[in-house]
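For reference, the structures are reproduced in the following blocks.
Across the two complexes that follow, chain A remains constant while its partner is chain B and subsequently chain C.
Let's turn to the complex of A and B:
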């Protein structure tokens, strides 16, 4: 059979044509997506990568809610200039406990994957509530409401952690039990700052 | 789901990729080179009087264009990673590439960066280009707290342009502050001493600033509770990060209310460590830039 005969068959049989189109469009997914999804060693936490604690986890959800990833990536690419500017480049295993990952693809502001520890909690807090108080020419919007709302307003932290445990995050019963206490009294901005301060290259134990 | 071995997925990717390449070749080859093309026994419909299907075959250079991209794909897959676990003949990898670049950077610029890191501050300060670099390093790392003019801001982040240095203004002390960061803690005394004592000590601190502390009624309390860190004469102790109380540079504000708050409720200040973000040459340049006249 040659391609011309095949084409004739396909264009006269819509069922076959639909199947053919689906088959051809699936090839990319079969090669690129399927192996990544089904292969455990591609989603194994890298050395030193830990699941987020309840406060950081709450901050992460706020990061998503406020759309931080629209302007900030969390992906230091393996390029000399990026490594010199931000620190060690991001590795796949670091995202094992990110559901969904927040790599992002657009930088209106700087990359944040290594921001933890660069500035103090006090600065981060002021900057989130009103960026112009510390960076006069900043174009980042202010998020003043983060300073008013309680971090665990909807009381969902335990069910969140249980859901993540079902997906493989190793939270213990004791950790889940203690989660609401960790959030007690915190405002949203505190949780978000804790999350930002946790964004750093995983501490890898070096053998002397 | 039971995990299939990596070798299976490697083969899976390789087989589908190769099959796709062969499939594309078969498709374009048979379209261009099948004898007769569309079968003759079934005549093509006619449009616009004389337009028939298959009358004008697609130009041959299209075939060669697609064929060339197939050849390039095959060469690429031989040289670079792509066919499952096969790493390619060039043994190229993303991690290897960045390591090579970092090494080359180190080889090319390492010696000159070492020179900068070990240079006399005066030598660096005379070089306008190096001072411009230093300012860029400052803008990128320090300015959002200490302000772009280094004048400090928000009554929280100290000025780097005045004579007051909480942790010492010598080159080695500034370098230590940048490299390792600083953590300053002033305890609050209101709970222990009560409000009247705090009022008196606030007044004493203001008097220290005016050089009128001698014989002040709160002097004994100052000596008992404050002098250990801030010194008997109030001149501070850079080893502890205890600020000079006799000058007019008060980080948290000059007003009696601000000073009262510091004494009553305490303060804590933090300078993050930049030793892992900046290399020796960058830190040396910053010190030179901060100390330039």
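Let's turn to the complex of A and C:
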């Protein structure tokens, strides 16, 4: 039976057509995506990569809420110019605790994967609340409301950490217990700054 | 077979409403797009308001045009064409109404949730888990109505357009369910079941194929029904449509990792993604050739018929975008284009030039037939055509200029190996391109507003006319 005849069978039987489409479209996913999802070393934390603490985790969720990744990537490609501009290139193990990943697809602003430590907390805070006070040409939006609201206004930090623990992030009971205290008194902008300052190449032990 | 057509009517009122909803979403979604384009020129016009902030409004734009405009248009035209190609009224018409209305309610509430900052963080899948579940439920109902109608058809072979609409329904269900798997924390927050590099691979398997099976495959369904109808000629090659359909359905799925070139995912995944993206050029252009050859011989209609003009132009942009895409998936090209506005230009040559134009063409055909009246103004439709073409061209050119300069300037090193330009200076040099893009968006939106006015006037004071399926035994779809 040639292919066109096979097709004639499918186009006369809706059940077979549904099955045919499902089968043909699933092959790519099964061969290409499934092995990657089963490949543990893609999500094995690299040396020096730790789960986010409560403050950084809160900051990261604010980064997602405000859609920062629509304009900022977190993925330094292994190219000379990128390593010069941003720092060491990104490795898979660094993103092991990233749910979702925030590598981004667009750089309207610069990459942020190595932004930690490049500016002071005070600069970051001013820049987030009103970018043009420190970068006059900036086209980034200001986020004044981050300076007004408590970082954990809905008190969800412990449920967040427990949810992540169910997904395999190694938080201890003591860490979850202590989380609300770590966030007490902080504004949203403080948590976001803490997250940005944590975005740096993991410290790797060097032999003397 | 007894003549079952006595008293039987096609369910077209639901189609009329979906058309109206799609038009409303096209205006709203494009308005949000024009606004965020303006924010990149005048960054303070969010006035310090959260819901006007770029990061939230841009998400509303993409979701509004893809899920509001795109899916409503696809659902409406699928309901319209599946009845006519099967010679039966819709299966479970009440369920069809449920799909249509629940989808609108979902997109509306989802849009509000995006402005409120509910964001799952995955591109084109930002809606949080309660919406993900709602989408899955409505989608299953859509499948029941569509395949139920096909199951009770009076014409034995299932027509080409239905293969593509069927592919849209099946594959999007698969992608959406897998990519949305998450651990809920609160009503507005969840964490992806996948982490890091694995999440990236799953997300772009979804993201690229949402483009593939929704924005390409779904709209090819529209093409295969409305183009032959409009040109008054059958599809040029039935055999080519078979080959193109299966090759398309098979190869699209592999192309996602070209969004992750030089990112921290395995090399073989990237290379395979690139090769399969190049392979994809064949079925894409096979379909374009089939479309163009179908119109060939009816060229004289192009002079008088604005709807056909839109459809033929959409084919040209389809050909352009499906050529540009594989080129951008080549790693040495991608090294320049990735992370730049070139990607945005590429997306819009597809979204404006292909998706929006073919939908406009379908609507100019559909609305006068649904209400049994002539188009209110052919002249306005012609003006719309030129605005749409000018807007798309200006948009794409501006983004090519912006994207190629960004890509090259970012990578530029001087003779001693230091960076030639600071990021800030490159960003500042984008201002004229961003201003042109805003203007382009405004022109395109202006055209869409003309269409909304024109079609509203066409349907004013009229009701959807009742159409019966042809008598049994008739073979004309």
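Some observations on this one:
Rule of thumb we're sticking to: the second predicted complex is superposed on the first by the 208 of 208 C-alpha atoms of A that agree within 3 Å, B and C clash if a C-alpha of one lies under 4 Å from a C-alpha of the other, contacts with A are read in each partner's own complex, and residues count from 1 in each chain.
What we mean here is this: a contact is a pair of C-beta atoms (placed from the backbone, for glycine too) under 8 Å apart; a residue touches a chain by one contact, two chains touch by 3 or more.
None of the values given here were measured: they were computed from a predicted structure.
Taking chain A as the reference chain, the count of touched residues is higher for C when chain B and chain C are set side by side. When both complexes are overlaid on chain A, the residue A:163 reaches chain C alone and has no touch with chain B.
By the touch criterion stated above, A:153 is placed in contact with neither chain B nor chain C. Contact with both chain B and chain C is seen for A:27 once the two complexes are overlaid on the shared chain. Legend: residue contacts after superposition of the two complexes on their common chain; A:134 is shown touching chain B, with no touch to chain C. When the two complexes are overlaid on their common chain A, residue A:2 makes contact with chain B while staying clear of chain C.
Legend: residue contacts after superposition of the two complexes on their common chain; A:87 is shown touching chain B, with no touch to chain C. When the two complexes are overlaid on their common chain A, residue A:106 makes contact with chain C while staying clear of chain B. When the two structures are aligned on the shared chain, A:117 is found in touch with chain B, with no touch to chain C. When the two complexes are overlaid on their common chain A, residue A:61 makes contact with chain C while staying clear of chain B.
Shared contact residues of chain A, touching chain B in one structure and chain C in the other: 3-4, 8, 27, 39, 78-80, 84-85, 135.
On the side of chain B, the complex with chain A involves touching residues 1, 3-4, 6, 9, 12-13, 16-17, 20, 26-31, 34, 37-38, 94-95, 97-98, 101-102, 105, 140-141, 144-145, 148, 153-154, 156-157, 270-273, 276-277.
Contacts from chain A toward chain C in the complex involve residues 3-4, 7-8, 11-12, 14, 17-18, 21-22, 24-29, 32-33, 36-37, 39, 42-43, 61, 64-71, 73, 75, 77-82, 84-85, 90-92, 94-111, 131-132, 135, 137-145, 154, 156, 159-160, 163-164, 166-167. By the touch criterion stated above, chain A contacts chain B in their complex at residues 2-4, 8, 27, 30-31, 34-35, 38-41, 78-80, 83-85, 87, 89, 117-123, 126-127, 133-136.
Touching chain A in their complex are the following residues of chain C: 39-41, 43-44, 46, 48, 50, 53-56, 58-59, 117-123, 147, 150-151, 156-158, 163, 166-167, 170-171, 174, 178, 183-186, 189-203, 205, 213, 239, 242-243, 246, 249-254, 256-257, 259-260, 262-266, 269, 272-273, 276, 335, 338-341, 343-344, 406, 410-413, 417-419, 423-424, 427-428, 434.
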